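Scroll down for the structure; my scribbles are underneath it.
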Amino acid sequence: MSRSKIVSLADLASRIPDGASVALGGSFLHRGPFALVRELIRQGKRNLEILKQSPGYDIDILCRAGVADRARVGIVAMEGNFGMAPWYRKAVEQGRLKLEEHACATLTAGMRAAAFGVPFQPVGGLHGSDLPELNGWKKLPDPYGSNEETWVIPRIRPDFAVIHVAEATASGDARTFGTPNWDHIMTRSAGRVLIVAEKLVEEEVFAQQPELTLVPRLLTEAVAIVPNGAWPGSCWPLYEVDYPTIEAYMDEKNEGFLDKHLAEAPETRHG
Amino acid sequence: MSRSKIVSLADLASRIPDGASVALGGSFLHRGPFALVRELIRQGKRNLEILKQSPGYDIDILCRAGVADRARVGIVAMEGNFGMAPWYRKAVEQGRLKLEEHACATLTAGMRAAAFGVPFQPVGGLHGSDLPELNGWKKLPDPYGSNEETWVIPRIRPDFAVIHVAEATASGDARTFGTPNWDHIMTRSAGRVLIVAEKLVEEEVFAQQPELTLVPRLLTEAVAIVPNGAWPGSCWPLYEVDYPTIEAYMDEKNEGFLDKHLAEAPETRHG
Amino acid sequence: MAEFSPFAHIAIGMARFIRPDEVTFSGVNSTFAMLACLLAKRAYDFDFTYINVAGGVDPDPSFIPLSSSDPVLSQGSCSIFDNEDFYDLCCRGKMDLCFLGAAQIDGEGRTNVSAIGDWHKPKVRLPGGGGGAVMLPTARRAVTWRTEHSPRSLVQKLDFVTASGGMHGLATPIAIFEKRHGRLALKHWHPDSSLEEVIARTGFSFDAIGATPTPLPTDREREALASLDKHGTFERDANVRLR
Amino acid sequence: MAEFSPFAHIAIGMARFIRPDEVTFSGVNSTFAMLACLLAKRAYDFDFTYINVAGGVDPDPSFIPLSSSDPVLSQGSCSIFDNEDFYDLCCRGKMDLCFLGAAQIDGEGRTNVSAIGDWHKPKVRLPGGGGGAVMLPTARRAVTWRTEHSPRSLVQKLDFVTASGGMHGLATPIAIFEKRHGRLALKHWHPDSSLEEVIARTGFSFDAIGATPTPLPTDREREALASLDKHGTFERDANVRLR
């Protein structure tokens, strides 16, 4: 076994400096690194850029707390019956969050360019959309003469990727169950990779089915073990979305809610 | 359960017409669809194009039998103590096999273009190599002004991908153990996907760990069940390379060897 | 005709776009699309492949989730067909039918899910592009839905073109549109509505030749929807009204 | 000095290029690279990450395979880091040390693994590019080896430039080269050889300032190699001769 990469959640969050760009794993209310997101708020981070194809609670609470001021995102919502992410919406409408609007697949394309070590990445579609002009994306002719014109997305290399997984080893291997969402490309495109895991697992267990591992240790800088850390979202197959908490989050618009919410989060009962 | 996609090996091979381009899974002597390769010889196929980052026994025996006349490959060898693939070498040297020489990663890049639905794919490296000029590859400037020049590879879309896996369901889901080699991108870039599997497995088994599945049924056209079908290569963790057979293959240069070899192959004892 | 609720009109109307042997996709933030796909599996005899944003391929979820991206939608699936995989499938032209959300739709079936008003100074910021800009032009067919049928959502001119390429179909509480000669044409109106009402409540002009009242749900469609929404929660939450 | 076999000179010479905390890779058709990585794990106290073409990350194989791409090289690994993954890692500049084969090498550390003679009418067709053309220019460092040290393999001019970018190091039965100012410079000669012999048997000119005899294997290096090649099979099969 190599050196342990296990650190506290506070340590994990402290590695992300003000102004950093951070890709967040999961999708909407599912398997987001929400404990880490809350810890960023507790530590009073400022001017973060958030990258995620489909953020929801995470980007919303970071806007609510004034932590994020830039975002590159595909679609933002609380989903289910909750619709839009209200504090995110307000932050965009009031100009407090500088938005670079993507299609999910264009954000992925930019991350692929970073992961593949190339400056740009062709992507299918986009024809007729106003998004390319908005973002200054370029269209290239096929140099091989097919007459296809293809949009290319510039390299997107987040300073950090933070993902929430079911299980990790002390050496930094990580695996999820169910869909990995966009976590694979995030962990390959980012400069540094931080993991939040429900559970520390012996290496033998991973070695028995190495095919299941999503992030090998060599990509991982540090791991925090936070049971229930994706709350109030889900972490398949361990727990479901806590909808009453999401309802309270949406309904209680008073100043005090955020403090109360941060105080009752599961990570306050661990490490 | 949807309709069964299980067919005989003969049926599987019969789907590949003369002149087709065929991507073959595995690497060197490991997990290649060798039973299918031999069946192509038995059926007297002609003018096949073989695509594979690291072929060995497969391309060599196809050259030996006069089945292949074109190839796009990265590195060709029998590996271990056997060195070059002798019949492949002779076919290239004598002009009977038209070779498009790739780096493994450029073949992958071309397949990525096909898989991603774009006409070309940027790839890292290649600077200073004679391969781009040889193949007429184009270099593009970064339209986003990084001053990086990047080689782009044209779309490579094999007519078929044939891979050998440990387990498949009747509906066409397939999974391997150990490295998938290049099988993921092959099955995403090809027009049609054919599977040879060691073993038919109940769908419940796949459903318990769906994360292990390499090829979902929707990509699969047909499956042949051929125990030991990667012989004389290995199929992890089921069996090792049969080195004595490889030695005989290399040493016995007489006309009769091929018939004897085809007759003693494990697929002649099944289906 | 109370039994053909506007809720059922959308869900069943969408399901009827699904064709045998095709690959059909439902994504995030798409409760109706999820219900339509699951409904088609239960109500129709033909085979088709249902893939969803949770990675499920023909799943057998143990409950029907509020969130259309809930990982339960991969339960029973024999594989996880992940986000990169299904986007790539679509981009290379092998996605037969894609359900994609929209806030505004124009007569060519283009969509706006970005902003109401000027994008840079939005009156209302919307959820954003999601899959649309890439999937709408690359899927073989795409179908959308609106729970509100009004000139505010079915518009003459979009505030912003998030996705172009043109929807093949559109389901609303009172109408079913299908593409004809590059534009959305009326195919059906809800039996409790009328051609006149659809015209009055649609911002874009459309061809209505051959349009008829929407065929009533079959018993199997009705039963399938009821089995998916046992307690009527989805219908209550969606709160779709004919007018 | 029979105990410093030319076989050991190559394997240990390669292992000594491995540095603490780095990511080091061995690929297909690369028995010596595989042995060097496994040897370094056993002989040196420092941590480094060994990844290989079988997807293994710091594996613990139950036997040492003839084939350097044998899947046993992922045994005991906690992940399968597959082909696409390690190529991408290299292309984005995070591969610290890559062992890459070569048939011909020139003084700038460029390689030919494609053909002897004209590529289009080859006297001898070689195995082909493999990883080199992409990995050599993108890895932070690359190291190669030759079992034969002669002007036919260490050449003034390559018949074909398969991969450029420049090797950091080269190990042969009689010499260890390391890049200095963009060219391969002699670092060590085998204690049973000499500077003069290396010059005579090398096709390209090189700087030899400061070159010394290769330090003898440490006990741990010797033991590690012996433990990897218990029956001397690898050494016998490789059949490397000093002259």
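Order as written gives the chain letters A, B, C and D; numbering starts at 1 within each chain.
Keep this in mind: a contact is a pair of C-beta atoms (placed from the backbone, for glycine too) under 8 Å apart; a residue touches a chain by one contact, two chains touch by 3 or more.
Treat the numbers as computed from the prediction; the structure is a model and nothing was measured.
Engineer: Going by the contact rule set out at the top, which chains touch both chain B and chain D?
Structural biologist: The shared contacts of chain B and chain D, listed by label, come to A.
Engineer: By CA centroid distance, what chain is farthest from chain B?
Structural biologist: C
Engineer: What whole-number Å value describes the gap between the mean CA coordinates of chain B and chain C?
Structural biologist: So the centre of chain B lies 40 Å away from the centre of chain C.
Engineer: Take the average of all CA coordinates in chain C, do the same for chain D, and state the distance between these two points in whole angstrom.
Structural biologist: One centre to the other, that is 58 Å.
Engineer: Quick one: chain A and chain C, Cα centre-to-centre, how many Å?
Structural biologist: Chain A and chain C have C-alpha centres separated by 27 Å.
Engineer: Residues of chain B that contact two or more other chains, please.
Structural biologist: Where chain B meets two or more other chains at a single residue, that happens at 116-118, 123-124, 178, 211.
Engineer: Can you list every residue of chain C that touches 2 or more other chains, as numbers and ranges?
Structural biologist: Correct list: 55, 74, 80, 90-92, 138.
Engineer: Testing understanding: with touching defined as stated, what is the shape of the graph linking the protein chains, line, ring, star, complete or other?
Structural biologist: Contact map by chain: other.
Engineer: Let me know each pair of chains that touch one another.
Structural biologist: Every touching chain pair, ordered by label, is A-B, A-C, A-D, B-C, B-D.
Engineer: Within the complex, which stretch of chain A touches chain C?
Structural biologist: It comes out as residues 27-31, 53-54, 73-77, 79-81, 84, 88-89, 92-93, 99, 101-106, 108, 123-131, 134, 178-182, 184-185, 234, 236-237, 241, 243.
Engineer: Which part of chain D faces chain B closely enough to touch in the complex?
Structural biologist: 28-29, 31, 53-55, 65-72, 74, 80, 82-84, 87, 90-92, 110, 113-114, 119, 122-138, 160-165, 237
Engineer: Chain A touches which residues of chain B in the complex?
Structural biologist: Going through chain B, the ones touching chain A are 113, 116-124, 138, 140, 142-144, 146, 148, 150, 152, 154-155, 175-178, 209, 211-212.
Engineer: Please output the residues of chain B touching chain C within their complex, sorted ascending.
Structural biologist: 2-3, 114-118, 169, 171, 173, 188, 203, 206-207, 210-211, 213, 215-218
Engineer: Mind pulling up the chain D residues that touch chain A in the complex?
Structural biologist: Against chain A, the touching part of chain D is residues 23, 47, 49, 51, 55, 57-58, 74, 76-81, 85, 88-93, 138.
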